[in-house]
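All chains are identified by letter, namely A, B, C, D, E and F, in their written order; residue positions are counted from 1 within each chain.
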Amino acid sequence: MTKTATGPIVVINPNSNTHVTDGLVDALHGFEHAGGPKIECLTLAEGPFGVQSQVDSDSVVMPLVELVNERPDAGAFVIACYSDPGLDACRSVSAVPVFGIQDSGVLTAMARADCFGVIAIAEASILRHRRTMARMGVLDRLAGEIALNMTVDESARGPETFSKLVETGNALLERGAGAIILGCAGMARHRTKLESEIGIPVIDPTQAAVAMAFGTLVTATG
Amino acid sequence: MTKTATGPIVVINPNSNTHVTDGLVDALHGFEHAGGPKIECLTLAEGPFGVQSQVDSDSVVMPLVELVNERPDAGAFVIACYSDPGLDACRSVSAVPVFGIQDSGVLTAMARADCFGVIAIAEASILRHRRTMARMGVLDRLAGEIALNMTVDESARGPETFSKLVETGNALLERGAGAIILGCAGMARHRTKLESEIGIPVIDPTQAAVAMAFGTLVTATG
Amino acid sequence: MTKTATGPIVVINPNSNTHVTDGLVDALHGFEHAGGPKIECLTLAEGPFGVQSQVDSDSVVMPLVELVNERPDAGAFVIACYSDPGLDACRSVSAVPVFGIQDSGVLTAMARADCFGVIAIAEASILRHRRTMARMGVLDRLAGEIALNMTVDESARGPETFSKLVETGNALLERGAGAIILGCAGMARHRTKLESEIGIPVIDPTQAAVAMAFGTLVTATG
Amino acid sequence: MTKTATGPIVVINPNSNTHVTDGLVDALHGFEHAGGPKIECLTLAEGPFGVQSQVDSDSVVMPLVELVNERPDAGAFVIACYSDPGLDACRSVSAVPVFGIQDSGVLTAMARADCFGVIAIAEASILRHRRTMARMGVLDRLAGEIALNMTVDESARGPETFSKLVETGNALLERGAGAIILGCAGMARHRTKLESEIGIPVIDPTQAAVAMAFGTLVTATG
Amino acid sequence: MTKTATGPIVVINPNSNTHVTDGLVDALHGFEHAGGPKIECLTLAEGPFGVQSQVDSDSVVMPLVELVNERPDAGAFVIACYSDPGLDACRSVSAVPVFGIQDSGVLTAMARADCFGVIAIAEASILRHRRTMARMGVLDRLAGEIALNMTVDESARGPETFSKLVETGNALLERGAGAIILGCAGMARHRTKLESEIGIPVIDPTQAAVAMAFGTLVTATG
Amino acid sequence: MTKTATGPIVVINPNSNTHVTDGLVDALHGFEHAGGPKIECLTLAEGPFGVQSQVDSDSVVMPLVELVNERPDAGAFVIACYSDPGLDACRSVSAVPVFGIQDSGVLTAMARADCFGVIAIAEASILRHRRTMARMGVLDRLAGEIALNMTVDESARGPETFSKLVETGNALLERGAGAIILGCAGMARHRTKLESEIGIPVIDPTQAAVAMAFGTLVTATG
């Protein structure tokens, strides 16, 4: 029983903004180590610059399926967009596990607290996220979801992002959240600092998905 | 931003059967690597030889709390008993994450399929597990739970265990399960073989919990 | 307050099988009358010959969005595939109501009985349908879903279809169904006969969706 | 396959206020057309002047059953009171479909949006409505219900009704409603104007019920 | 702080079969004691001989309301029919607590076990009972409901009743019931014997309701 | 069929504060009468002075099991702490019914109103209580839980307790509560006065549990 190298964890940024992909690399490099699975972060060239609407989200499904089909060498896939586009379709064509970051983020938050809160980027995406949580059957554990009402770009760089995160996190804490999910693929670098500031677990959903993907690979080679 | 060594993942076998602890070591060594967190598997000396009844399960809660208090160096804790004894109490005294294996196993199965099934060791524990899933609010995603009706010891060693697992896994598949959880801390070595045999993901709950614990440590040092 | 002619109810068959579209015309002509909205049944040229898999279903979403965008004259849209592909996306771009036939069929069945049953064409689609009902939050009212295990083609023409429908409908009745949904766009012509045979309401989901669409148009001109 | 005339849709106003019945006639005449089913609006002579309390609601059940029994010629029944009095009892004695307006209104709103809101006339009826929605199993999709706190009479005629409706509709929109139900049989004439004003679908529940009833008749003759 | 005599617990048999009322007297006399509240069992003269259909159940609502209004001296009311007719209406007019026996029986069973089963008299009433449990929001704790398929009369007297009860109780036990409710007002005399035979708690719903009513009176005078 | 004396109802105060036990005696003496079951209120010597944390709650489980084992003469047990510590374990070893006061209090409140509210002593216990209600599956009927934010001692004696109770009860009423539970074993003496003041049923959970226990004993001897 030896630890064998297996295929990489392929993390797909379904939008074409390579800054987001760079952020994923930063957020995930801690998972890599000698002898372990590689983490490969890809940008979906066909994707919109940002996934902001339902149509944006649906527009990447078929390209994601294609990409999954083109990578039979992968050990696992992570779809790094909080709307979980194409999760069912990619699972249906893939021989290896496929994780969505909303799905993994929510389930990981549920492993940390009775009720969780979500910080969304934009108001408009809250309803889209709620549909996913309804389908997951986890609405009873949702303390609330509140939007920063910033663009993805602002949220990643803007100087006021952190104070807005603290304010929003505390508002969710007051609504009963025992853990907070950063409801976007691009806010990982705020995670530890925000966790210290508000005093409850803060989950970066891409890290949560990669941790689960890592688990399937480690145990597959056990 | 460097990868710093942190405290170990302390995995506690709440029964006093050291064979079970040895099995945990085998099941989890794949998670260890140079520079990463250590996995330390402990036997709760005060525990019963097996946790079979509600009283057995409750009897280990205070010793688990004590053990957690004695290990301020730990990076995370995993309570390796499928009844999740003392999960709330240990969380309430610990500064670091505490994972229960039923909790983590169920949430990880939910990341793999719409509905999951559970293979229990004994009929009597099914109701105890159901209480936990009711509290988690996930009963709508449970396809079923079926018991092997073997002792823990038989299930770990007996020659007929594997064929019984296949039969039970297939029965759960027929009830709509898209993933199967091995509802016990001691069946990890059957995981990959059973997965091949029945064709749907099989989750070892201790591995699921350690993957989540690993994720919190990696990202804490990111 | 006069009854004004408004745009047509555009019913889209998302697969490219024109026999299915012809069946829709037959099923829906009863809704047309002088002075009322027209019913226009279209075939999605880009669609697969049948929507059988998750990928088939997702593959038609963007073409459906495009079609909706090309028809600003429509009074309402009905997506005539029981997987409800593109429902959220089409709604997000349309100024007029968009109905999915699973959605409308289930809600109409709930207006007829406490619990409903669904007759699916193929086993594989049951799980896909379940996801939709989970998201709708209506699983508590589902008595069961049973597949005919025929191809769409067989189900539309085959001589044994009707006896299989009766058998399946009665099985759902025994599980507590008080109304039955024909879980496919192409079985309308069996509706009244099956209803007589098994003695409980039988819902054709496309007719259910068109009745709702008709209602929005009538009342918009009231 | 010809379009045959069938029995009328009998819409029963269970209170004895004929102004309400007149309003129903106005609200529903758009559904009538040459060759289609007639819409017949009746006043329940035995009913109270308004259905405001639980006892009012229960007092009309047996007269409704009697009326249903006296009309074997009907093609469908609609009970036009938002408390859905006698729905189960009338269904149990009727050979043709019976629709309740709360039931149909809620289900139709669910066909238009993920979450719906309800505008009630009086505070006291909110709890009565909640019981119905609890039984329907749809509370997870309720964004909220807010009362106008007017009498039925004021709500139908008063000059301030419309501005109060807009204010209440907007309050429900803020709570997440994607569609609004007018929780009363007598507010249809505000429907289209309110829909324009607040920008999301507004459902008149009697029109919703008649649309469903119409659908059953059309398809029965198909 | 003295123990004051208060008004009687008025237990109303809503059918006109006085044998049923006599059975209630037998079932409840254990609750009476010197200085405590009286138990008064009444027959609703206007009731049908048995409440078997939805119309039977609804037909007694207004007479029950009247009866409640005529007894301002009562300390509490119990409506002794498992369909809980008129519970909301009677509560709305009564200054003292009103208990329904299905409601109290189910809640009391929930105080004894995680999941409960119900033994119904007739198949046809199962759906009516389900509506009540749906509204109560307790379907997740229902292991099952199975009918004896006897008349009320047979169930009260017939020689085969007991063996049928044992068989049905055991079937519910196999489905996971941890407590059994006798789903009818007239089976109390089988309670203790059945409990011994099947080994799990058996609840007579009228006794359950009277125990709750008794509690409100005792504590009101404390 | 005679009324036989049976074992006492043993009410256990799991904390070592004998003032609380004295309060229980006062709250429950109304249930005692000649020929009926005795009520015996015990103090758990091993308990903490107050049960305030999760660890406090779990620390009493094994002593409670022991105490139950030492009293084979009991007719029923009531665990008089609103966290329901040891309820499952005590049930699993006891031949007679065991009631938890949160469990009984909530179920009794559900027999009085559609939605209930809870007045907690301390903020920190609200989450612990929520876990129990989640497991019970009754969150849909919870209007809210609000803490007094007093110590148990203050709540039992302090002059401002009553005005704080009224304020909190009214806040719950505004959130839709139709009945209020005093979420603690030591507030019974405020029950009737608070009920008069806020005008809806107020439930003392220990009295609720003893009423249920009383019911099982009366009917066991019937």
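The rule is simple: a contact is a pair of C-beta atoms (placed from the backbone, for glycine too) under 8 Å apart; a residue touches a chain by one contact, two chains touch by 3 or more.
A quick note: this is a predicted structure, and the numbers were derived from the prediction, not measured.
Between the interfaces B-C and E-F, more contacting C-beta pairs are found at E-F. The distance from the centre of chain A to the centre of chain E, with each centre set as the mean of the Cα atoms, comes to 52 Å.
Taking the mean of the C-alpha atoms as each chain's centre, chain B and chain F sit 34 Å apart. With centres taken as mean Cα positions, chain B sits 24 Å from chain A. Residues of chain D in contact with two or more other chains: 131, 134, 136-137, 140. Pairwise, the chains that touch each other are A-B, A-C, A-D, A-F, B-C, B-E, B-F, C-D, C-E, D-E, D-F, E-F.
Interface of chain F with chain E (complex): residues 1, 3, 26-27, 29-31, 33-36, 97, 99, 103-104, 107-108, 110-112, 136-138, 140-141, 188, 191-192, 201, 204, 207-208, 210-212, 214-216, 218-222. Listed in rising order, the residues of chain B touching chain C in the complex are 114-115, 140, 176, 178. By the touch criterion given at the top, residues 127, 130-131, 134, 139 of chain D touch chain F in their complex.
On chain D, the positions that touch chain E within their shared complex are 53-55, 57-59, 61-62, 65, 86, 88-89, 91-93, 128, 131, 134-137.
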